């Protein structure tokens, strides 16, 4: 039973491979009367495109979105919203030699194990290009959230082992790397340069913050807000860990340190990350995602082929050094999709 | 839209509050012909009961499970399996004073915000007792997994900031704290004693390991195996973070360090935690959960009541110091439920 | 993938077999603050019990419901509502001879084909007793509908081939057979007596009418209101056909006859049965269900056993002659469950 | 909560309006390795296009399908299959005068009631053109069924009140009207001519037959095979009734007449329509659908506008007289989709 649908009431289903005709999806369950046009989605897509600053490939992907349904006279009609982004810049020749060999850290081996064969061109469905559809859908979700004055931000708090020292929200999304801390940009660029020369790659940590969330969102006991955020965030290819509020640090705190006291003016701290017992408390939602280094490295690696013969592989070509910053808009999209679904789910039960 | 169902094909729905008649659930989608009786479930329930070693309350909960349907002549029939555990040891008098006050770190405030009122006795649905139904359902899942020689283990790798130095799987589930490292037990007991005297509480980190998982489980792109594990694990009350394989450490590694090379004899490392591109690789699945300290502390805390007036609260009574070890069987159950669903989902698509 | 859950937002999952410990279910997604207690459910259950008028068995089933969760101080809390009805009057000895033989018209053959073996006592899960849980859940749904002044009625419009001549709604649910037309009761009783003496059984047609439904319920294009009603009604064991409004007669009408003209005072007819393009129009919802004759007849029938050997069977014992009137409250329950789900679904999208 | 997804494991989600850019959908859950290309889908689409014989409009719709994903080297890959059919022949000018008026028998009134406004061009999402996506998805389903030698047929058994006298399956799908009985074609053509001259429209009855279904498909108690077929069939716009096997006639039969006896060679009759207790018995599945007359008639009708003022309307233009034969491939598609889902669901539980 395939899993290409996310959400229950605000529900996005996506399709598309790296080297097929294109990528797209359907958003079903978007309320009627939401302002929407292609420009709104295009703006979000433009943020994840390659060639955006350091660590990125020089590939040019012109991801032009078309809205195929569900919008009339500039507003959503309540019917399903189809959208499509054609693949325009794929070179199949780059990939044909990967038909029979398994790249370490990629899904080549597991896709073959699962489906018996795979579209080997550029990773097929397991390519990072799949996230184009997530970002498009996330842009629609953000229109719904905006109507409730809910705002999702995502930014980098650590890159290549170098943490940001502070988080300055103002203008955070126009900064290189969507960096939390403008003072770290130079150090991160340098780190990337060094690693690039080694033919290697880097990871980092991204934080997603949601402001303006009303108390009451989340559906215990299995679809708690944090549980659904965890699924959404972890479903992004490069993510190996997700935490809420104090996260793994909470495991080392005392109860008296970790608890957030309440006062008539509100909570006095936010170790909980805005979620108590799986339900939003009205504080900012704070989620972190651990991003692994990109597995395509320009160094020789041991691997096997489809006949289980030993091989070595060295992946050249136009690859990113780090999934950051491209993964940042994707994580923002996943959190926006989750929150929108939770907003409508809460409304359904009210 | 409530969220008391977990899984899609192997699907458990639970009900019950801390101080109502009891807790129970329905497992729908269990294949026919699986060996099952009450003793199998009871054994799993006995593992999570209080009074089990250090850090636990002295409450006695006799959680006796009844199977209500779906089993005939010692085997599942393919029809839904109902089960029930009566609440027998609840004292409502303990809790009535909490009717109008919000305990920091608990769901009192958010449940009121969401539903307008709440069953305030013992936390109601947000009580840890809710996990009784998870453990019962997880025991059924493990019967399905056992038939495929898939085995789930869960154990403690850090407590109160003190990490285990190694993991010795043999007899790990009969050790105090389900400790990964028998040499840490004494230090952890001492840490708990100290904190108990301070009226405070502790957290820790639990690892869940699944052996015998075939390659191919997981449903990209949203219901990846790691994404669904993340939801299941994060849905447990005390969990604030979840990671797979190298987890947050992966964010600090180079691609050449993090990638797991393949050889004809199999993978040469397991930083991926047994999951590539959201699909099991055939290696052990490795998941970690960060457990926050229990919020009920015997120290004075600032809070508010339902009328938003400032209050102080000091929670005495029979409370655990640490959710570990009681949360360990619960996490094991959630991973077993996830894996079982993924096993059947994969079969559906084959 | 089992199918023991009905509804998407107001969602009921049931369990239980004829001769197991009992029957029950979980209603998840019921809004908080709805008045509910056991007496409300009991009253609905009492309506479907046997020994109710003509055509019924003399079995006595004391179906006493217990609420297990989700209600506090007489109101729903928004958490899942568990309920249970113990089986108290089953005699397994009656059925053991049916272990290896397939009763014509029953699910014996198909359950064996599907699951490999079956609980053969009294039909197991395929017994009409399964509907106890539907009626209990339907009573909860009706509490939600009542708050919106939506009222579901169900009554018999044809029995044993003898149609009612008119429908008199006043006091319709206290009449024998829940007869639409009080003048038909005597003729229907006589028909049943005749058929009983022949060792045979009868069917009929039930109409369900919903008053007070606001315009706008239904979720095109697949979950149209009529489509979901059709699923709910057809899921009841004895039903072989379902129609909306003019139903099969519409197939013989001209467009000019079948169309319902609109006027400023409302629609001028209701051939559509209150549903246009899958969405409620504000008129009464009108649904009909064709009920087949009960397959357990006291006449000799040809059949086979599990080893595919020819057998004859004559089913004696305490069996109803007609599923009517017992199926009437069940159909009412299914329509109430469907409408409640549609009400909440519409709210979610608003 | 919108309802544009059909099925649970083999799952189709559709989008598109009559006068938007086009119609399409995503099939998620199609097993890998199924032979598929655009020609296979195109062939099915060509069967539902207008201008196909009697009773049809002279509009020309060139519904050219594009496959957007999920197929590689002529076979499905197990990833979601996106498809799209552009609208090429729409004239918006035809419809703008219908912006503020409600056509009797159409969804104009109810769509406004539900969503607050609507895409009024050609019925928008409630147009019969929506079924293009169903037929495309159904063609994919039929490829899955074909691999199991399951074959779905659909044909007309009554038109304008004139029933077929017999059903001759051979070449049934190439006959005018997909007529069950070749001898009725002339009478049906004549009936349509008469009604057309009156400016009126007609309905009929379609039967769907599935051959080669193994015993065991269907998921009691709510997702019984007949229940899911009923939803699928009733979700088609023109359908007002659905029945299985003897259908409404079963309500008038005795148990001894309606029961299908079993013999070592198989069932001796098929009043059940191939389904017992919601599970396929291995006999042919037999379903009937009542098709209402098309509501767009060229006669003056009373209605209202958006301001609730009385109006009269006479709908000219290029409209069909009867939904038959165009609805026949759509019903076939819905039954194929249902059966495919049930096939995979059964496999999941095995």
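So that you can tell them apart, the chains are marked A, B, C and D in the order they are listed, and the count of residues begins at 1 in each.
In this text, contacts are C-beta pairs under 8 Å (C-beta built on N, C-alpha and C of every residue); 3 or more make two chains touch, one makes a residue touch a chain.
In UniProt terms the chains read A, B, C, D = Chorismate synthase.
Just so it is clear, the model here is predicted, and its values are computed rather than measured.
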Item checked: Of B-C and A-C, whichever chain pair has more C-beta contact pairs -> B-C
Next item on the list: Return the chain whose centre of C-alpha atoms lies at maximal distance from the corresponding centre of chain B (Chorismate synthase).
Entry: D
Check: So, what's the distance in Å between the C-alpha centres of chain C (Chorismate synthase) and chain B (Chorismate synthase)?
Finding: 39
Notebook entry, point to check: In whole angstrom, how far does the Cα centroid of chain C (Chorismate synthase) sit from the Cα centroid of chain D (Chorismate synthase)?
Noted result: 26
Next item on the list: Quick one: report the Å distance separating chain A (Chorismate synthase) from chain C (Chorismate synthase), using the average Cα coordinate of each chain.
Entry: 46
Margin query: Quick check on chain B (Chorismate synthase): which residues sit in contact with 2+ other chains?
Written below: 1-2, 4-5, 8-9, 14, 29, 32, 78-79, 114, 125, 220, 344-345, 348-349
Check: In the complex of these two chains, what residues of chain B (Chorismate synthase) are touching chain A (Chorismate synthase)?
Finding: 1-6, 8-9, 14, 102, 104-107, 109-111, 113-114, 125-126, 130, 158, 160-161, 195, 198, 200-205, 215-224, 226-235, 237, 239-248, 250-264, 268, 272-273, 275-282, 290-297, 299, 301-304, 308-310, 344-346, 348-349
Next item on the list: Write out the stretch or stretches of chain C (Chorismate synthase) touching chain B (Chorismate synthase) in their complex.
Entry: 1-2, 4-5, 8-9, 11, 13-17, 20-26, 28-29, 32-33, 66-70, 72, 75, 77-82, 84, 114-119, 124-125, 344, 348
Note to self: With touch defined as at the start, can you tell me which chain C (Chorismate synthase) residues reach chain A (Chorismate synthase) in the complex?
What the structure shows: 1, 8-9, 29, 31-32, 78-79, 220, 344-345, 347-350
